[in-house]
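Consider the two complexes below, in which chain A is the common component and chain B and chain C are the respective partners.
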Partner chain A sequence: MATLELPPRGDVTAPVHQTVNKAGDPVAGAYFIQNAYRDAATPNMVTVILADYRSWDTLGEVVVVFAGGMACYFILRRRES
Partner chain B sequence: MTPTRVDACHIEGMKSQTDSPIIHVCARGLAPVILIIGLYVFFHGHYSPGGGFQGGVLLAASFLLLRMTLGTQISQLVMPSRLTITLSAIGALIFAGTGLVAIFAGGNFLDYGFLPVPWFDPAYLRNYAILFIELGVTLTVMATLVSIYDDLLEA
Partner chain C sequence: MTELMENYNGFLVPAISFIQGYYAYLFLLALFTIGLYAMMMKRNLMKKIMGMSFIQSATIMFWIVAAYKEDATVTVYHQPLGLENPDLYLNPLPHTLMLTAIVVAVVTLGLSFALIVAIYRRYQTLDEPLLLERMQ
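Now for the complex of A and B:
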């Protein structure tokens, strides 16, 4: 039933705004918000998460883009002979 | 009719997409502006929305505008076709190589705090390492988009 509607805007009791989840463990988002500037000295938290905390994911995206370019190269480009 | 520079390129056998001088002048004036905006979006990713992917797409838009208006031959001067796939690989290697250097310096993969640049605080090292890997992302995205356009033209 939780997927039938979005939580109200600004609801502090929404699950995404909690610092601990239902199991009582601290969530990653609270850590990022509190420590992003201390860790990377970069004001944009999104950049820190994208390129530092989750840089494996960004590396995968870059490899996907590169693989797409290589596939187009090998399939479409005419051989120079 | 006095031959302009665009017409001179025509005489030398360089094929252009369109003959309209309005489109040529507008595209040649607009392309450097898009280039500057792309560099701004790339370098300002630390402080505002933006970063490697968006900046790379804007740089590619600048090159593709020249490709589409002036023709593939003339726009080779700005971005040669044979360089694109190499630049794409170099960008991916910059990203992965940064992570590998961090491994060899004693940290985890892509742990920028361990990069062997001794005169930086680890936080500022991460700051500049983020900019460096965003450079790799920008190169890959820009070169791949231009490369795919060139491949589609040759097919």
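Now for the complex of A and C:
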């Protein structure tokens, strides 16, 4: 079972939770914890990542929602015929 | 006498810790499989969409489980804890990504419901074999 090769739930030694990875580069999760408040002066780290570090991603998300809404409108409208 | 098993790091740990460490993964695997079964085998289009929702929920919760750390608190800066030790906060990145994924999941669900409404208006059925028959 491939599931048993994963780090168990709540393991703080899992690779995603480390400060630096095996190649010596900083890991995103720990970097955001340590620098989010310093960079944006907002206590909520999820807010900082969503609206500051990944704001372009959030803009793309808004475009997806807009496209979905427009598609729903064009599918559901009653055509004149 | 406890049974010992080798974990992913190669250490020997009690076998009970596998249930404690992996029951969430196994539950989500089951949820994903149920969703996949519903999407592939059910005849009703509505039930197929319910299966898609199962798969989305399982994937989202899988990421949230991966973000969990033992004895960590929520991802809001708390003065007494400080910021130097990242083990004191949950991993904020999967939470953020899944917030995006939830929004996209809502859009896909809404769009598929719109398509279903359009199909029902045209063919008066959502049953797949009947639908194929009426499309001839």
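What to note about this one:
Everything that follows uses one rule, which is that the second predicted complex is superposed on the first by the 68 of 81 C-alpha atoms of A that agree within 3 Å, B and C clash if a C-alpha of one lies under 4 Å from a C-alpha of the other, contacts with A are read in each partner's own complex, and residues count from 1 in each chain.
We adopt the following convention: contacts are C-beta pairs under 8 Å (C-beta built on N, C-alpha and C of every residue); 3 or more make two chains touch, one makes a residue touch a chain.
These figures come from a predicted structure and were not determined experimentally.
In the superposed model, A:Asp39 lies in contact with chain B only, and not with chain C. By the touch criterion defined above, A:Val12 lies against chain C but remains apart from chain B after alignment on the C-alpha atoms of chain A. When the two complexes are overlaid on their common chain A, residue A:Met70 makes contact with chain B while staying clear of chain C. Contact with neither chain B nor chain C is seen for A:Gly24 once the two complexes are overlaid on the shared chain.
When the two complexes are superposed, the chain touching more residues of chain A, out of chain B and chain C, is C. Of the two partner chains, chain B is the only one that A:Trp56 touches; chain C does not reach it. Residues common to the contacts of chain A with chain B and with chain C across the two structures: 38, 43-44, 46, 50, 58, 61, 65, 68-69, 72, 75-76. Taken in their complex, chain A has these residues touching chain B: 38-44, 46-48, 50-52, 55-56, 58-59, 61-63, 65-66, 68-70, 72-73, 75-78. Those residues of chain C that touch chain A in the complex are listed here as 7-9, 17-18, 20-26, 29, 65-70, 72, 75-78, 83-84, 86-87, 89, 91-96, 99-100, 103-104, 107-108, 110-111, 114-115, 117-118.
Of all the residues in chain B, the ones that touch chain A in their complex are 45-49, 51-53, 84-85, 88-89, 91-92, 95-96, 99, 109-110, 112, 121, 123-124, 126-127, 129-130, 133-134, 136-137, 140-141, 143-144, 147-148, 150-152, 154-155. Across the complex, chain C is touched by residues 3-14, 16-17, 19, 28-30, 32-38, 43-46, 49-50, 54, 57-58, 61, 64-65, 68-69, 71-72, 75-76 of chain A.
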